[in-house]
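The same chain A turns up in both complexes below, where it pairs with chain B and then with chain C.
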Partner chain A sequence: MTRLLRVELRHNAMVLLLPVVVALFWLTTYRKTVAMAPFWNVRAASLQLNAVLDFAVSVTGTAAWMGSREARHRLTDQLTVTARPRWARLLVPWAATAIWALVVYFGCVAWLYAATAHQASWGGPLWWPVAVGAASVAAFSALGFAVGTCLPSRFTAPLATIAAFFVLALSTQLIHGSQSYWNVSPIVTGPWDMAPQPGVATFYPFAPDLPIAQVMFLVGLTAALLGTLGLPAGAGGRPLRLAAAGLTGAGLLAAGTAAGLAGTGTLGPHGMIDIPALHDAASDRPLRYTPVCSHTAIPVCFNPAYARYLPATAGALAPVLDQIAGLPGAPARIVQESVTYRQEPGNGVAVFYAGRSAGPARVFPVVLADQVPGPAMTAAQMADQAASMYAGGLVRGVIGDGPAASPAQNAVARAVLTAAGVRQLTISSPSGKAARGTDAPDSGRQEVAPGTTAYAAAVRFAALPASARRAWLVRHIAALRAGQVTLEQIP
Partner chain B sequence: MTGIRLVRLYAVGRRVPFALIALAAIATGLRIALLGNWDAYGALQLPLCFEAAAAVTVVATTASPFGEPERVAGRWLPFLRLAVTFVLTAAAAGTLLAAAAIGGHLSEGTLDVLRNVAGITGIGLLSAAVAGSGLSWTGPTAYLVAGVYALYTRWHPPTLTWPWLWPGRPPHDLGGALCAGLVFAAGLAVITLRGARDRLGDGA
Partner chain C sequence: MNVETEALTRRFGTVTAVAGVDLQAGPGVFGLLGPNGAGKTSLLRMMATAMPPSSGTLRLLGRDPGRYGSRREIRRRLGYLPQNPGYHPGFTVAEHVEYFALLKEVPSARIRAAVATAIDRVGLGDRRRSRLRTLSGGMLRRAGIAQAIVNEPELLLLDEPTAGLDPEQRLAFRALLRDLGQRATVVVSTHLVEDVAAACAQVALMDDGKIVFHGTPEALAARGNGNDAGDTPIERGYSAVLAEARS
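What follows is the complex of A and B.
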């Protein structure tokens, strides 16, 4: 059998297709994935989705071509008299096709993961998405081979290939919400219609519930398809055909169970699909990591996976932090927090910051724009957005301005922001939405209108030397927060 | 009579009747698929799958069951190859358009079908000349994946706008149409003059 496998490996059509597969992988998977932010979860999800499509097409057609070989060469009758049963003989070219495809697949995974390892600042490779891809390669080769063996024709390989691609790529149209049986499709990596999120599997461990169900489905499908090859009368002796029937039954059972399990999945709060029967409670505990912190007046601390965004964000927040550092009410640290995901009707997903459950009171939480769905941003764009969203909140925490604040509090807050170079704010609301400008709902900030006495006081205070302004704030902050300072008392 | 008999034998030898049935089935499949409610991705990607299926069906008829003896003896072979391939390509585009016209709606219209069917058939004909008719489907199916990806990048930049990847270009785009036309012309010329690179016994 080993010799037969060696011969089949040498004469397998998959070898001819290797350049095509690698070119396709480069065009639709590698180029796209390495352009994404270097988070392991994002890269692994993109790899699974795209590589499965690339390889499924090539391997289905090749396996169908190899499966129809005996009939095409009109050798079926001659080969029935060989020593090996037909089923065993058929499994060898299938194995050779799958081996070649898997070798190339793992080579492509190594190529992409090596690039990611070079760029990512934290974390490690996720292997479950890779396993789903490998199981898909085996399953689609079995599918193609079974179709090619049963329907040997010049039309079989091309039409089976396109049918496999069609079913794989467009079946996701049937997904509605996280509780869908179609989530068992190997190109689904999480909530459908939501691109891979950097915040997923960064603050909490990767939950492999869905990949486990997908691998189970694909392995079951492979076993069932290969088993069917041993069912016809000429495939082998009675014990062999019984074994083939058993394999088919077990495969169908595994595939059906996996699809059923996928249908029980729900979108978990950490952005991954949780399947109750497969879920490990340990994956609900936050990951332990040592945050990376800036050397600003108030340290800005990020999850180490976001280290590449820290210099720009800390730099954008530094002018405000310099103004408030050391004042009563100022935070001791600014810490990046995780977001929470919730399934909405249809395929909608709500992403919001649920607030700190515990921890030191003098910590100011921030969520980066990259953690919520939206257009891709550069580090500089994210930093600008973070400064715009959080500068007001940081100052408000010290000055105490807000809807019930005194005119003096509002004027001083405006002056501090002006001195920090913040002209216009995007105010984050408790609902997680952001609005720009002075009339933002839920802003909690009363902007100081030009031409008012409060505005004049703000301009006056902002024009003071930094040391004088700071000295005044240190002396009067308690009275200011208590609403006991009037506009006239502001220097 | 001899001419008609020659055409009939050629068509039967190349499984042209089966190809016509397959084209009708593909067109019916498209019509049924168009009944569904597809999102923006699906509405664009769906016709491309059926166009590629029609193209590979046409290309599969290039396989000769006779190989070298037919090449040596067949004086009319190039003309038969040209005529049958051209007529089948026209039939492929025609059946798809007819299926869509009966109460269906193709999001990118008629020109898109003509361009894609002709271009992908051209890729298949060139693949048949290079890799053999048995593996002629590799070019069109690989191109299908790339084409679907090009459509996907319309929403997710960086957009692939190479004219050689014409499914990603708008239907009225001249560059894409020229590239598809060139590929079809090249494929047709090669298959007419040289035929598919066949090995005896490959074409079932």
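What follows is the complex of A and C.
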């Protein structure tokens, strides 16, 4: 068989198609994926989604071409009368097709993962999405080969290619919410309609529930399809055909079970599909990591995966932090928090974050814009958004917050933010429902309208030298927080 | 006897292609003659185990091909060249023959030598590395014969093997047939009666699915007379037997 496989490997149509597949991968997967933020989970999800389409579609057509080869080349009679069982004979060109496709697939994965390893600041490769891709290659090659063998014609391969594309593309159209049998489709990497989130599998381990079900489905499908090739009367002896029937049955059982399992999945709080029968409780425990912190007056600490965003974000917050550092009520650290996810009606996904204090020192929690669904952002855009979202909250946490804030408190807060260069005064509460591009709800927010005495006091205070402003704050912060400072007392 | 048939019949729907053929063939070259549509190819395909008979009995190399185990053993010792042999155009001559050697389960240690011998015997030694798509029709036919004989078959079935061969190649092929017939049963289906006269020890003439003559080429030639159509005695015998069968 090894020698036969060598012959088939030398003459496999997949060899001719390899440059096309690699070019397709570069065009539709590699370029798109490396343009994404260098988070392993984001890259792995993009790889699974796009590479499965590239490889599965092309390998289906190639395998159909190989499967129809005997009939197209009028070799059926000559090969029928050879001693080797037909099933064994057919499995060799299928294996050669799948091997070539898998070799190139793994090469492309290595290429993409090498680029990611070079760019990512933390974490490591996720292999389950890669396994789903590999299983897809095997399954779709088996599908194409079976179709080509059963319906041999020169039109089979192009038609199978087109059909494979539409089957994959349309397999997600019926997904409604996180609980769907269609999640077993190999191009589903998480809640459908929610792009891969950097925060997923960053604060908590990657939960492989869905990929396990997908691999199980694809392996079952492969076994069932290859088994059917051994069922016809001329495929081999009775023992061989019984084995083929057993393989087909086992494959169908595995595929059906996997689809059933996928249907029991729900969106977990950490942004991944949890399947109760496959879920490992260990993946619900937070990952241990050493945060990366800035050297600002108040340290800003991020998950190391977000290290590339730290300088810009810390830089954007630094002017505010310089003003409030050391004052009563100021946080000891600003720490990036994880978010939690919840399935909403339809395909909507709600993202929540909750502030928390850890240890004796007060911690101010932040969530970066990249952690919630929305378009990709540059580090500078994310830093601007972080400053506009959290600077107000930081200042109000020191000066006084809430609906009962005095005009003086509002004026000083406005002045500090203006002096820090934060033009959009938005004050976020430390907890709430996040939606990128909109501010978190802030019921205690008080506007300082131009033309009012509060506005004049704010302008006056902002115009002070930073050292004078800080000195005044140090002396009067207790009275200011207690609401005992009037607008007239603001220098 | 390497081939034994009794009332062998093959039907395709309402058409009876082979109608109750009784035939025995031992070692040597056996010619199967007949006009187009006589049922030669259907009979040969049944002998090759490419299709089962509709009724009757068939024993090949002393085994019943109806049982899978026996059929597989027969196939190991069988060579078959169909009327329109196929090939993978991208394969070289050597790869084509090696491919069949592997599928015929020739022992691994013997494959290299068996491939070389088969290719040399059909005179394609200098084209062993040529891709099949580059070969002429006659060369392709010889490559087909090479794949059929690579396992040194005990039963060799050749359907119109000389079609497309030039006169020189046909002469060489007849010599090869005689050589192969020393050790194996070679059944050659053809409508070129001169090939039969030159190479076959036994001949059967088929018409309308039945064997209408079975004997030596000399006996077939003796059935003709000067009034029958044909340039040679065996052609005249061929015409006479067919005319008698149809009358």
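The rule is short, and it goes like this: the second predicted complex is superposed on the first by the 465 of 491 C-alpha atoms of A that agree within 3 Å, B and C clash if a C-alpha of one lies under 4 Å from a C-alpha of the other, contacts with A are read in each partner's own complex, and residues count from 1 in each chain.
The criterion applied here is as follows: contacts are C-beta pairs under 8 Å (C-beta built on N, C-alpha and C of every residue); 3 or more make two chains touch, one makes a residue touch a chain.
Bear in mind the structure is a predicted one, so any value in this text is a computation, not a measurement.
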**OP:** Put chain B and chain C onto chain A via the superposition and say whether they clash or fit.
**Re:** fit
Original post:
Taking the superposition as given, does A:R414 touch the first partner, chain B, the second, chain C, both, or neither?
Top reply: neither
Original post:
A:R43 contacts which: chain B (first), chain C (second), both, neither?
Top reply: neither
**OP:** Could you say whether A:S58 touches chain B, chain C, both of them, or neither, answering first, second, both or neither?
**Re:** first
**OP:** Once the structures are superposed on A, label A:H73 by its partner contacts, choosing first (chain B), second (chain C), both or neither.
**Re:** both
**OP:** Give the label of whichever partner, chain B or chain C, reaches more residues of chain A.
**Re:** B
Subject >> Cα-centre angle that chain B and chain C span when viewed from chain A, reported as a multiple of 10 degrees >> reply: 40
Original post:
A:H270 contacts which: chain B (first), chain C (second), both, neither?
Top reply: neither
Original post:
Is A:T82 in contact with chain B, with chain C, with both, or with neither (first, second, both, neither)?
Top reply: second
Original post:
Taking the superposition as given, does A:R470 touch the first partner, chain B, the second, chain C, both, or neither?
Top reply: neither
**OP:** Once the structures are superposed on A, label A:I162 by its partner contacts, choosing first (chain B), second (chain C), both or neither.
**Re:** first
Subject >> Closest approach of chain C to chain B (Cα atoms, Å) >> reply: 6
Original post:
Where on chain A do the contacts from chain B and from chain C line up?
Top reply: 73-74
**OP:** Could you pull out which chain A residues touch chain B in their complex?
**Re:** 13, 16-17, 20, 23-24, 27-28, 35, 53-54, 57-58, 61, 65, 68, 71-74, 152-155, 157-159, 161-163, 165-166, 169-170, 173
**OP:** Mind listing the chain B positions that touch chain A in their complex?
**Re:** 15, 18-19, 22, 36, 38-39, 42, 45-46, 49, 52-53, 56-57, 59-60, 63, 131, 133-142, 144-146, 148-149, 158, 201-204
Subject >> chain A-touching residues of chain C, taken from the complex the two chains share >> reply: 45, 48-50, 68-69, 72-73, 75-76, 78, 80-82, 84-91, 95, 98-100, 102-105, 108, 111, 147
Original post:
Quick one: in the complex, what on chain A touches chain C?
Top reply: 3-4, 7, 10-11, 69-70, 73-85, 89, 236-238
